[in-house]
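As written, the chains take the letters A, B, C and D, and residue 1 is the first residue of each chain.
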Amino acid sequence: MTQLVTETEGDQRGNKGLVRAAVAGATGFAGQELIRLLSRHPNVTITMATGSQATSTPRRLPSLSKIWDGTVVPLNAAAFAADAVFLALPEAASAELAPVLLASGLRVIDLSGAFRLRDDAKRAKFYPATASLPAGVAYGLTEFELDAIKSARLLSNPGCYPTASLLGLLPLQRAGLLKKGADIIIDAKSGISGAGKAATGRTHFSENHGSVAAYNPFGHRHTPEMEQALGQGVTFVPHLVPLDRGILSSMYAHLVPGTTAAAVTEAFERAYADAPFVRVTGDALPEIKHVAHTNFCDVGWKVDEATGRVFVVSVIDNLVKGASGQAIQNFNVMYGFDQKTGLL
Amino acid sequence: MTQLVTETEGDQRGNKGLVRAAVAGATGFAGQELIRLLSRHPNVTITMATGSQATSTPRRLPSLSKIWDGTVVPLNAAAFAADAVFLALPEAASAELAPVLLASGLRVIDLSGAFRLRDDAKRAKFYPATASLPAGVAYGLTEFELDAIKSARLLSNPGCYPTASLLGLLPLQRAGLLKKGADIIIDAKSGISGAGKAATGRTHFSENHGSVAAYNPFGHRHTPEMEQALGQGVTFVPHLVPLDRGILSSMYAHLVPGTTAAAVTEAFERAYADAPFVRVTGDALPEIKHVAHTNFCDVGWKVDEATGRVFVVSVIDNLVKGASGQAIQNFNVMYGFDQKTGLL
Amino acid sequence: MTQLVTETEGDQRGNKGLVRAAVAGATGFAGQELIRLLSRHPNVTITMATGSQATSTPRRLPSLSKIWDGTVVPLNAAAFAADAVFLALPEAASAELAPVLLASGLRVIDLSGAFRLRDDAKRAKFYPATASLPAGVAYGLTEFELDAIKSARLLSNPGCYPTASLLGLLPLQRAGLLKKGADIIIDAKSGISGAGKAATGRTHFSENHGSVAAYNPFGHRHTPEMEQALGQGVTFVPHLVPLDRGILSSMYAHLVPGTTAAAVTEAFERAYADAPFVRVTGDALPEIKHVAHTNFCDVGWKVDEATGRVFVVSVIDNLVKGASGQAIQNFNVMYGFDQKTGLL
Amino acid sequence: MTQLVTETEGDQRGNKGLVRAAVAGATGFAGQELIRLLSRHPNVTITMATGSQATSTPRRLPSLSKIWDGTVVPLNAAAFAADAVFLALPEAASAELAPVLLASGLRVIDLSGAFRLRDDAKRAKFYPATASLPAGVAYGLTEFELDAIKSARLLSNPGCYPTASLLGLLPLQRAGLLKKGADIIIDAKSGISGAGKAATGRTHFSENHGSVAAYNPFGHRHTPEMEQALGQGVTFVPHLVPLDRGILSSMYAHLVPGTTAAAVTEAFERAYADAPFVRVTGDALPEIKHVAHTNFCDVGWKVDEATGRVFVVSVIDNLVKGASGQAIQNFNVMYGFDQKTGLL
């Protein structure tokens, strides 16, 4: 079932054939963005889009009219005529569905948190619906996990906050520039689409216009995901800011004594020299506006050599690089396409 | 029950005593604004604030902490120890409660539409829960209904769109400058608080940020309210714009042939010479920002003498002049206080 | 100079070769959007991007990093090594430059208003810098001017307000459904990017956040552009609304007596049956959000059969369909590419 | 010149007479807010409002029409017929004007940073225009400096960021709960009015809508102001968020080992038991919306007992509690009025 439907010579655009892709959970924010992006991907044919439940009513997506005019059908695990399935579902639904699809030989790209944590105890605490980690799972932070992603059967797409924050911190950590045991503070600001499509008091326009709010200090489940990648504890507090799409993550860390600003610059530039979707901006600090509606992550920083501190800022579009765009970037890696295919 | 608790000589601030006021429906947008304004009114003591239902859970209003620290109690028609009751309730609740309160001798200021339409057929169509118009009802467009308001037992506070629009059109209509039978187009733009406090797809932040939407063309129930005051038909289409508080009403009309721009100016200036809350701005067209969080209505206009057309713009804060502020302005008139008391 | 640099067989993507395109005025809102779009156009190579003046300082465009990493150079009419030049310049600069480029054999796509008005007197009034209309000029409202666009040497791209408004009105006008001589009111709402990139009191964040403002009633120069296309007078008032990108145009017109709602629907559906970028939504009125960052124009409407009135709503992204996107759509028509190339 | 013009018995509103107040710099954001607030202050008569320069053109303030209809006149140090002068001027202008006014016997309330830093070296670095600190200067963080404020001749009003941040940290510092020498991180988010009224690329609507930006990490001059009050170093990074008015300050600190959450709560509640404008919200974290257009500061927090960390959130309206409102609160203390006078 996972063979490419068409195996051609490929052309100068890197086309190595047409992959049949399905999207489960196509009516949420991330799901619609997936459909929008996949519909213009030159190596993809969308063979199915489903709602989040077996009882979902079939419907069209008016905002995608003349982009993708298919019908979103009820979810049915047995009916995916596809090579790869993107899951834009609540984590419990992903936890249940992914193993079934994998057993059928499909490759799965899961946008939920169900398969992100390797530590059983932490996963049981934050994602209790996940029975176990399937074989062949890879954590899809593309820029740092290329090899694992290439061969992944189950791609676990990172959370939006971890994507922004880790792309800002990992270059320093990998270069050995972060002082061991010192505080790392991550103060992140997210647009309201990060709170999901459900209409709640929290997502009401009047609650957010002209306002900013911190939430869930110390307790957000993206914290263990970041700690797993960094190999150390972090203090993380997310905030909601009055915009629709985008995350800006502000990070405060201590450098190994003697680290120069030049060494920090070199670490970032080396980390992303070949990354098509990360742009390093140095002390021209990046802003959400520059990455909204794109798959870019822009990273800037400022070193205070006198005190050995570094301030890093990272920005992404939470629905693109923080969800659907990175999922497709990972899909491209999994199938041997250029990372940029369908994303520029 | 309606006697003033204190009957004094009054002082230089126009204080003629302390009126006991109650608010029914104190947890919605308009209700909280009422509490906020009444709590600083020098001639008012808030004796009760209730929820919208007999089963409402007693609660505090955290955003009014240190302004008004009372408890919002369940609604109970028999329990209003007050001289005047403000109803910030759904229309059906107002339609039921107002007659009971009136029968008990209280004066009622109703912010719903239940008692705005005098024509029985139209009222039956748009506000079917209203059995009949009680005696002593007045339509509370303060600037044009002063005498009726003074003696009103039941004050029917105007709708937000009619307040903005009528204050822009009535000066021309009263001066006889509007061409008989010609089109009047009212294109109004409202902040999202106008859609109410309920969390719906329509009030979700992500649906409104970066967007504008027209709704209910030809069919909005504020249309007959405006037609009643103007004595002619209008075409009215409301729009939602991505801000929290405020309405801008754009009005297009034809002038009686030969009307000069100077005559239009004179009509506006005469109409509002003594109005403390209407500011005429002429061709410096008013903007919502100038009236947000105030009880002002700013009105500007532009005459095209060549074609006999006039364009009028009127702006208000929908929760103040378009609801709670005007209600208190009317309360002031009903009780003989200066219109501005508690509102500047 | 206008020959295609590469003349190939073309491929299944409709590639008929690579056109050398230049952009003059690449640092403004429309110019940057042009660069962004052209850089991913499969049939275009950007050979030059210039500032607005001969004295512009060479600079990069950081927000387009890793999309287009070229340098914006000073403007020099003699130096355009291109087949087609897009002018995103102030109208006076376009008025001066376009004839020079045309004389050199280049095809020109002008985004300013310099060449939009055919009537000499009106053009002299609204665009006084334009000496005369060059031969081979076409008005680029793509959906209604396909034949003229194909052979145009100078493509005059429509204004943002006329694009939105005419796409909402022309289907009715062409079908003969608009009542002769009756009022047409166009009340348009634009995001602040429509006010340009210059920092002024008008474009200050604090002047616009939480606000709406009408401006230039009766006097905007897009009025004669709309009247030219419609063949009748209109009343047009633009407004600024607190969002970045997008226009919603609300239109009020009278139908020929007896016109049914079905006839209106048929007129719209027929007009746009083959239009890849216009989506008719009927009484599901369109919203800016659905077209932001796309080249779509969504059109909805509501007929009041009792009074013979029609209300039409049209939405576009002012920087895409209202400027750079439509310019590229026209470019595609001029060069025989599929209209959608590079735009989906 | 500083005697009260009217010395009465006072009344039940705490009226101890009428103070003649002048405002220098009345056309900026803070200056207009001062006029708005002072015009309704029962113990104040505004005797003069000036522009920022001797050459300022006399003008009215249309947005304050029917609130204050005076004329803003050119700045003239010799012409202040007032008891107290509020300076809403650029710091260099304040540095020059304040000593002149003090020498004339007037009391001065300065909203600039000119007189905030006591350390000569730091003041010379950050506010070089200030020659020296006049006698009788008090730092006007009302809740912590009551005694100094009462007798102040020159009141130096705190910066907006320090107001929000210090009100969140000082209760812990004064109670001895902050771990000595440990990091304090202050990540603050400000509305765009904080960037001032000048039209710049930074204040353009399109640069901020849908965006967030960090600026000036490690280098903002509010840092030494906070360090002076706290008696220790802090890491401070301000951000701009897409709203008009308001600051949310997120603070990360370490507690003395063994500190309980209850001890933290007690410290906050004790600090603000008598403060009319600080509301402690505990783990119901405060939001900007709750304090916009008010003089309140809301403070909430969360303790992680396991790691000894505390996260504090503080919100204010930067133009009210962060500037003009606190200035009037201080004025009230200086003249013996109730702190709340004119501010509720």
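Methods note: contacts are C-beta pairs under 8 Å (C-beta built on N, C-alpha and C of every residue); 3 or more make two chains touch, one makes a residue touch a chain.
Since this is a predicted model, take the numbers as computed values, not measurements.
Taking CA atoms, the transformation carrying subunit C onto subunit D includes a rotation by 180°, reported to the nearest 5.
The chain with its C-alpha centre at the largest distance from the centre of subunit A is B. Looking at which of A-B and B-D shares more C-beta pairs in contact, the answer is the pair A-B. Centroid to centroid, with C-alpha atoms defining each point, subunit A and subunit B lie 47 Å apart. A separation of 41 Å divides the Cα centre of subunit A from that of subunit D.
One finds 35 Å separating the Cα centroids of subunit B and subunit D. Across the assembly, subunit D contributes residues 207-210, 242-244, 289 that each touch 2 or more other chains. Taken chain by chain, the contacts link every pair, so each chain touches all the others. On the side of subunit D, the complex with subunit C involves touching residues 29, 192-193, 197, 199-201, 203-210, 242-244.
Of all residues in subunit D, only 40, 62-63, 65-67, 209-210, 276-277, 279, 281, 284, 289-290, 293, 296, 344 touch subunit B in the complex they form.
Of all residues in subunit D, those touching subunit A in their complex are 183, 185, 187, 189, 191, 207-215, 217-218, 233, 235, 237, 239, 241-246, 248, 250, 252, 285, 287-289, 292, 302, 304, 307, 309, 311, 313, 315.
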